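Order as written gives the chain letters A, B, C, D and E; numbering starts at 1 within each chain.
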Amino acid sequence: MGGWLFDPAHWSGTTGIPVRLLEHLGYTLTTLLIAAVIAIPLGAFVGHTGKGGFLVVGLSNVLRALPTTAVLILVVLWAGLGDFPVYVALVLLAIPPIMAGTYAGIRAVDPVAVDAARGVGMREWGVLANVEIPNALPLIYGGFRGAALQVVATATIAAYTGAGGLGRFVFDGLALQEFGQMLAGAVLVALLAVLVDLGFAGLQRLTVSPGLRPVGTGGKR
Amino acid sequence: MIEFRAVTKRFEDGTIAVDELDLTVEAGTITVFVGPSGCGKTTSLRMVNRMIDPTSGTILVDGKDVLTVDPPTLRRGIGYVIQQAGLFPHRTVLDNVATVPLLSGWDKRKARTRAAELLERVGLDPAFGKRYPAQLSGGQQQRVGVARALAADPPVLLMDEPFSAVDPVVREDLQNELLRLQAELDKTIVFVTHDIDEALKLGERVAVFQTGGHLAQYAKPTELLAAPANDFVASFVGRDRGYRTLTFLHADVPVHPVTTAKLGERITVSDWTLVVDDENRPKGWLSGVDGEIEVAEKDLISGGSLYDGSTLRGALDAALSSPSALGVVIDDVGAVTGVVRADDVIKALAKARAAGEVPK
Amino acid sequence: GDPLTGGNNNPAPTDTIVVGSANFPESTVLAEIYAQALAAKGVKVSKKLNIGNRELYFKGVQDGSIDLIPEYSGVLLKHVNKEAPEVGSEEVYAALKKALPQGLTVLDKSAAEDKDAVVVTKQIAAQYSLKSIDDLVPYCKELVFGGPPEFQNRPDGLPGLKAKYNCEFKEFKSLDVGGPLTVAGLKDNTVQAADLFTTDSAIKANEFVVLEDPKNVFAAQNVLPLINEKKASQQVRDTLNAISKKIDTKTLLDLNQKLASPDKPEPEKVAKEWLASAGI
Amino acid sequence: MTWIFENWERFWEVTEVHLRLSVVPVLIGFALSIPLGWFASRSATARAVLFPLANVLFTIPSIALIVITPVLVGVKILDEINVIVPLTIYTVALMVRSVADALSAVPGHVTAAANAMGFRPLRRFFVVDFPLALPVTIAGLRVATVSNISMVSVGALVGLGGYGQLFTEGYQTDNSAKVFAGLIGTVVLAALADGLLLLVGRALTPWARAGR
Amino acid sequence: MIEFRAVTKRFEDGTIAVDELDLTVEAGTITVFVGPSGCGKTTSLRMVNRMIDPTSGTILVDGKDVLTVDPPTLRRGIGYVIQQAGLFPHRTVLDNVATVPLLSGWDKRKARTRAAELLERVGLDPAFGKRYPAQLSGGQQQRVGVARALAADPPVLLMDEPFSAVDPVVREDLQNELLRLQAELDKTIVFVTHDIDEALKLGERVAVFQTGGHLAQYAKPTELLAAPANDFVASFVGRDRGYRTLTFLHADVPVHPVTTAKLGERITVSDWTLVVDDENRPKGWLSGVDGEIEVAEKDLISGGSLYDGSTLRGALDAALSSPSALGVVIDDVGAVTGVVRADDVIKALAKARAAGEVPK
């Protein structure tokens, strides 16, 4: 594996490691963005109103049960090649953890704080935006980072339909029985996953209020 | 002024939390709702700022039916302090306090200045402003809660068991501060508690609720103590009613002279002698002995609370707790001015009664 | 090194024959034909179909996971001996019998041929006036080629094209084993030339042009059964040889066309119908 | 749907394989994650090692893991172990956290009460800690089971995939009905397994619904 | 008997929670540890059953160094009641109570019978046995906690703020039940609270802890009230010390005769007259009027607590709360036997003091 990975020939050109890495990162970030745009408002709405919790849990379980390969194949068969099927499959994969995290996060906000928010005269939107979401952020990030890990790992299947990304190495390695290449692909994926997670951890640190850190890191008591 | 007119709240599950409540809270006073758990205090309170809407009846705040006002607007004009403070964990203390002014469209700087001012007013160092709620003790959080409710300077303040989460010592501090604040600010305050002592201490008028959402009695503390409307109120107000009544009486008690001595002096004590220090502050009693002695620390009998001239209760307790049966009276700086006797207190009480100061 | 050679080579002997297939429909239907014919003769059969590519299933045959699988003589020979020079049908067959590892053998070859082939669309063929791979050589550098990932390394893949025709493509796109992806790639011009099987019904359906292979990069590809010798009883041999006699290239085309027909019949059913029609 | 009825036997056959390939890893993974989770709930060091490790394991693409497994385990290329081992690893990676969180969430005053009554550690674990951790653990188990059922299909890439076989075949022959059949099979199986676990969880935790 | 000998606990972070504690808890008594938050009460308590091990010093339970006993074995012989009850949420009430007997190897049936018996003993209907803790109110949970601690009939009982989670009314019930139980069972009980009233009510001896883990005073309640060892204790014991002292005095107070009348009677009242019903139970006072009147309900002045002959505190309060300044004395069945006067109570106190009943 080391041999394959550190062979300079694999580090350049349109099929080199840097290009594949960027493609993979591209799939991942785009997927997460789309999934977040769908799942956070949905989870937040259901969490805020407290209605349809059953729906969220049910929906995310069904989505979790969807085999990504099957979704991918179906969409390919239906809509043809390209990035679209990949995004459909990956977005469906990313939605459940983000939605569940958001929902759980909002539900877990101290009801007294929410009550206080209404009590000081915030409107429902204000309660959601100024109190519930900021307080739910740690759990939202939890779901989001879980989704990110899964998407990074699964974006590999883009290669199954001939698209790029690090999965290329894995699939080509598999087809060619070149285990060096395949392992290198897997390791790069895992590495990318760790980096992406670190990135989001940094973002989380920047955007989550210090008041919500586990007691002991922030202050006394 | 807040008026409840035949207000009833029945929850969806059929619980009647408040039953035909008729009650008027006078402007500029503290009114306390007290009663056992589940008697509908919180529900009554929350109907005022429409956190809950009544099933029937009308609530007027300053003559205006609350149901005609859009809830968020209504709430911005009514301070609300929740049990356990209910601070926003993700905002600094300063931002917590600045919430309502910001909501009402103040600019950020002004809101923060106001918030800092309020922190001081509730007895918190402005340095606390930068902390997050989790970094404060329970008592400090309560203070922030009060500051937040005061921020927009609302004429009406609703306080739901605001001091229940803290220990008795801190609690007493907070109560005293509330009284001090109210003396300055003159708000219309509705205060909920299940602690009758707190109710009697803070309330100009006290509404005692009975389980099932009935108002059992609405009266001044002294009236509650002297003439409970029914057995429920009597038992809720508790034992020591007579003694507690003394809290509300400031009648004069004659102050008798007392023999004092200083440490190291040689004296002949025939009766109880109060030993004082150089500033004339009490150090202990010497009981009668034979012959001349030198006043020594080791012979002192300590004990006895001191009476600072405030209420009859203090006077009686000073007398009762003193080994000499003479309650030591002190002035502002703690110097002895004389002694009071228990029977004088009892006479003062009788006089106050005769003068109608104690109801019936 | 290649870790799969470390696999277990001592299959527990049982009297059941495990029939495998590669992961494309023709292989599956052929495997079904073998399996059903054997079963009809009272041989105990179990199926492990759609395993994957040769690189994968060949290990399975070696380690005893499967006993029997339809194969193609030329590619199989190249798989076991990269350097094998043979191209003619008989030579390949003879060389193959010798080259197979111990314990494995192939039975009689059929007349049916299904080769890999370089295929282009009608438009590309017209644009560059292509008839054979030779015609393609000047344009290789401008074109993108699509095929299964393993095509990059197979002796009868890109290396062969380079060695024999000196054709190196601008880019290689990993697609599937002559499946819908490759077809789609050609159609939407993602790739201009691709590796398909000559018996693929999509060629006709899409009017693709199969380029001739004068230098025989793609060796003769007679369909034949690859089998574990231990399981190759006389009865089994006879049954399979009888089948091979009946299969020719036309048969493959028919089978593929049936599989691709709009009602998507199961390979199992297609196999059954063929066996009935062939009188086996 | 009609595909399922027309090819019932085939469908049932892949269903069996799929079930076996998903249930076995869940059971083994669950059993392994209990001691690991317990360990993580007790020791910060164990947490610091196990959690990141679980994360990394989880990010290894499943096909890669499935293909590498025979090398590591040394079994036949088409052996079901090749799917079972990676899925077990994923299950453990998912469940360690759940179990650790569930155990850490047992109220301190309850465990203190147990200690004070003279429970020894092992007994306390089985009588107090683990039962109380069940609701959260089962929630985690449900996610792990559903994920597993959905992931088994990847095994089709090496010829072992239950419904995954239907995906490959359907794909090869441009037959969406077949892919759809596999999809429905997966979702139904997942829903059934999820529902079953929900019921088992309820039966095992009667107190959880006893709240006022 | 539990002995602390020079026991110190310093936590890893350097906090000294308990500092050189020397204290002996007599067998068969209730000893209360009281003090402000963080003063080391819980730590001291938990060292007895080795939930925490001391840094230095020795703790003996019935003469045996606890450090020589294997903790689980030690704990099975010591009942422990935690704040919030600490019940097992996943077990029925009955099984909760049966836990320790089962642990000690009793057979299931016997353990359950015992548990059912204990539920009754702590005042719970055995039907509660089948419920889960979440289905009980706070007060009921506390009772179960006590029952569970008693199940194996341990000679020693440690109780850490067991009643702090319930409201004052329920709390008083629980306190009374504990006293009743103790009268029956005669355990050695260490009881932790931060409520000085609770401490004075329950403790035969009270240990007042000061922040920093110092024992400030260890004495009987009357001594604490009469002679606080230092300012800290004095302020912690709080105001009303003198009045509270009366709780512990049962000295005789002279009972004076009182004029009584019945409803409907025609009488001439010159002074305060007590109106009673047919069973001679008090109904209210009539104050002096001119001429003859008919005794009517509407003229009655209600109020005043009743004195049942128990403590001087009751006598004084009855007198103080009575509109006539005469405290009504009643017997077991509630019939009037006479009246007491506040000044008599004060004289009784002086007499008790002279007789040394009130320390110093």
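Methods note: contacts are C-beta pairs under 8 Å (C-beta built on N, C-alpha and C of every residue); 3 or more make two chains touch, one makes a residue touch a chain.
The chain list, named the UniProt way, goes like this: A, D = ABC transporter permease; B, E = ABC transporter ATP-binding protein.
Keep in mind the model is a prediction, meaning the values are calculated, not measured.
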| item | value |
| --- | --- |
| Chains touching both chain A (ABC transporter permease) and chain E, listed by label | B, D |
| Comparison of A-D and A-C (more C-beta pairs in contact) | A-D |
| Distance between chain centroids, defined by C-alpha means - chain A (ABC transporter permease), chain D (ABC transporter permease) (Å) | 20 |
| Chain C and chain E: spacing of chain centres that average the CA atoms, whole Å | 92 |
| Distance from the mean Cα position of chain E to that of chain B, given in whole angstrom | 25 |
| Separation of chain D (ABC transporter permease) from chain E, taking each centre as the mean of its C-alpha atoms, in whole Å | 54 |
| Per-residue overlap in chain D (ABC transporter permease), given as positions that touch at least 2 other chains | 71, 156-157, 171, 174 |
| Of all residues in chain A (ABC transporter permease), the ones touching two or more other chains | 76-77, 171, 174, 179 |
| Those chain pairs that satisfy the touch definition | A-B, A-C, A-D, B-E, C-D, D-E |
| Chain C-touching residues of chain D (ABC transporter permease), taken from the complex the two chains share | 7, 10, 70-71, 74-79, 156-159, 165, 168-169, 171-175, 177-178 |
| Footprint of chain A (ABC transporter permease) on chain B - complex, ascending | 49, 51, 71-77, 80, 82-92, 99-100, 103-104, 131-137, 148 |
| Complex contacts: residues of chain A (ABC transporter permease) adjacent to chain C | 14-15, 76-77, 80-81, 159, 161-162, 168, 171-172, 174-179 |
| Of chain E, residues touching chain B in the complex | 36-37, 167-169, 194-195, 225-228, 234, 239-243, 245-246, 301-305, 313-314, 316-323, 325, 342-343, 346, 349-350, 353, 360 |
| In the complex with chain E, residue positions of chain D (ABC transporter permease) that touch it | 107, 109-110, 112-120, 123, 128, 131-132, 205-207, 210-212 |
